[in-house]
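Each of the two complexes below includes subunit A, the first together with subunit B, the second together with subunit C.
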Partner chain A sequence: MNATISGIKIRGICAAVPSAIYKFEDELKNFPFSEKSSRRLARVMGFNEHRITDKGTTPCDLASYIIDYMEYKRYISKKCVKAYIVVAQMADHPVPGNSKVIHGQCLFQHDVFCLDIYENCIGFITGLYIASGILKNSSFDEILLITTDAGSCYANKSDRNIYPLCGDAAAVTVLKKTDNQDDILHFAFKFQGENRDALITPAGGMRLPHSAETAKIFKDKMGNFRCLDNLHMDGTAVFQFVMKEVPPLIDELCNYAQIDKKSIDYYLSHQPNRFMLQKLSQLINVPQEKFFNNIVEHFGNSSCVTIPLNIVYNLNNIIKEDSFSVCYSAFGAGLSLASCLDTLGPLDFCDLIEHPGNGSTIYKPKEV
Partner chain B sequence: METKIKEILSEIQPDYIFSDEKNFIDEGYLDSFDIVTLVSELENTFSIIISAMDIIPENFVSINSICALVKKSRKVEKR
Partner chain C sequence: MNTHEKLAALEECMDIEPGSLQPDMKLEDIEEWDSLAALSYVVLMGDEFKKTVRATQIRDFKTVQDILDTMKPDE
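Here is the complex of A and B:
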């Protein structure tokens, strides 16, 4: 599916990561493999350190903390926010949705529009598409796209395939209406629901509710310990899916948008692991300096937050002064694929902050 | 090349003896993360780049198939 939305631009992005840093070196002892083998794999995959929230901090806490920071910095005014959407795969409660929790935490006005979207790794692009569509057809001038994830609790700490990659983070992206019809977002989405078992948390939903049985730990055929409540990935199937499907999707999107692939300054990809990104950049034939792969090694994979985190971490020094032709691309559970072509920048703000933990929703000055 | 590949395999999975009678994937000698490590070691050892499209289980079932993959990747590099 392709779509084009014009007259919409990203005004700024703020992201937050938990201040607590967990190092792969300290987690080696948890894995049922030799330390030598784990270290060798770490070098290839980019396992280094990741950020994980404490038990008292939820996806909504992370998001509300950023919004408070943005008000402190005068990037936004909470009382002027007219609309926002929240994209997440974890919820503070089964009922009500995250957007209502954030509404209460941030004391937004009663006449705002707010919406929850459940989505996984492609969540930033899905959110961008929906937020742009809402903004385009509304009377207000800005909308907040909140992407937040605290998915690490889905993974078993003894599962070397998943746990070292996990990371928690949130981001708030402000979209604005413009009069410039050259501010265009081109989108492409594809799905392979028939292959959904390749990346799945089998239990915990209505099909297989959580129980003592689903919590029983077993050793899988790869030697990892996990239970049916944990996220499971068929690494080979996901790798093949990404390598076969992502390059043609980007080609198709460039053809649809009539944009020369060579004119794209940066490929801002979802960040699953370094190996997959290196191989993907080789297939797309893009030099490493245009295709960052350093988010997992510093922060872990925070699902729908990796693209905004990629922007604030890697482009912070240049994106406030200049604009660049960029291609966002994401892939993951579903199996799902999404891509978007944008002219990003100059941004009014592009900040990365640390969340102090303990469920804080009030910013106290201390930047990364 | 075969000797070097056997050395790499034994480093990655010291518990198994890698002989050509066995199918390394079906026997469970190599999982997907072992293959990732193996690809990286082969690339560094033989100064090649293995195409992502060639990282499929069938190319890692035996010493012969891994040798063939290295040779194929060398040819692509030379082009």
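Here is the complex of A and C:
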């Protein structure tokens, strides 16, 4: 499915990661494999360190903390926020949704529109599409796209297949209306629901509710210890899906948008692991300096937050002064694929901050 | 690729000393035959033989010979 929305532009992005750093080297002993084998995996996949929230910090806390920081920096004013959407795969509560928790935490006006979207790795692009569509058809001038995740909550610390690559993070992206019809977002989405078992948390929903049985740890065919409540990935199947489907999706989107692939300055991809991204950049035939693959080694894979984190980490030095032709791409559970062509920048702000933990939702500037 | 070259390519996938693999070796006895070695094998099959390997095929491999048998272009 393709779509085009014009007259919408990203005004700025702020992202936050938990301040607590966990090192792969310290986690080696938890995995039921030899250290040699785990180190080799880390070298190839780019596992080095990742950021995980403490138990007292939720996806909503991360998001509300960023919003408070943005108010402190005068990037936004909470009382002027008219609409926001929250994309996440983890919820603070089964009822109500994250957007209502954030509404209460940020003390937003009653007169706003807010919406929750459950989405996985493609969530940033899905959120961009929906937020742009809402903004385009509304009387207000800005909307916040909040992407937040504490995906590692799903993972079992002795599951080497999932745990080392997990990371928690949140980002708030501000979209604005413009009069310039050249501010165009082109989107492409594809889904393969028949292959959903390749990346799935089997239990905990209506099909197989959580129970003592689903919490029982067993050793799987690849030698990992996990239970049905844990996220499970068939790494080989997901790898092949990405290699086969992502390059043609980007080609088709460029054809649809009539944009020359060579004119794209940066490919800002979802960040699952370095190995997959290296292979993908080779297949798309772009040099690695245009296709960053360094988010997992510093922060871990934070699902719908990896693309904004990629922007604030890798482009913050240049994106406030200049604009670039960019291609966002994401893939993951579903199985799902998404891509978007954008002209990104100059941004008013592009910040990466650390969340101090303990469920903080109030930004406290460090004393100088 | 002849058998010697195929074994060398598999040794590279498993990151083990050249010459350490024999066709009759059982995979369950080879510690280096892990998920990463399997992924490296998948990439090798795509690059060298233009073949897509399914995860279920990999799980059915018992010996090194079972892998060697797949290392050829589609008929």
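By definition in this document, the second predicted complex is superposed on the first by the 365 of 368 C-alpha atoms of A that agree within 3 Å, B and C clash if a C-alpha of one lies under 4 Å from a C-alpha of the other, contacts with A are read in each partner's own complex, and residues count from 1 in each chain.
We adopt the following convention: a contact is a pair of C-beta atoms (placed from the backbone, for glycine too) under 8 Å apart; a residue touches a chain by one contact, two chains touch by 3 or more.
In this text the structure is predicted, and so the values were computed from the model without any measurement.
J.: In the overlay, answer first, second, both or neither for which of subunit B and subunit C A:L280 touches.
T.: A:L280: touches subunit B, not subunit C.
J.: Is A:F225 touching the first partner subunit B, the second partner subunit C, both, or neither of them?
T.: A:F225: touches no partner chain.
J.: Looking at the overlay, does A:F191 come into contact with subunit B only (first), subunit C only (second), both, or neither?
T.: A:F191 sits against neither subunit B nor subunit C.
J.: Once chain A of both complexes is superposed, is A:Q240 in touch with subunit B (first), subunit C (second), both, or neither?
T.: A:Q240: touches subunit B and subunit C.
J.: Is A:R40 touching anything from subunit B or subunit C once the two structures are fitted on A? First, second, both or neither.
T.: Touch status of A:R40: both partners.
J.: Residue overlap on subunit A between the subunit B contact set and the subunit C contact set?
T.: Residues common to the subunit A contacts of subunit C and of subunit B are 34, 37, 40-41, 44-45, 161, 221-223, 234-236, 239-240, 243-244, 275, 279, listed in rising order.
J.: Residue numbers of subunit A touching subunit C in their complex, please.
T.: My answer: residues 33-34, 37, 40-41, 44-45, 161, 221-223, 234-237, 239-240, 243-244, 275, 279.
J.: In the complex of these two chains, what residues of subunit A are touching subunit B?
T.: Checking each residue of subunit A against subunit B gives 34, 37, 40-41, 43-45, 160-161, 221-223, 234-236, 239-240, 243-244, 275, 279-280, 282-283.
J.: Give the list of subunit B residues in touch with subunit A in this complex.
T.: 12, 14, 28, 31-33, 35-37, 39-40, 49, 51-53, 55-57
J.: Any idea which subunit C residues touch subunit A in the complex?
T.: For subunit C paired with subunit A, touching residues are 15, 31-32, 34-36, 38-39, 42-43, 46, 52-55, 58-59.
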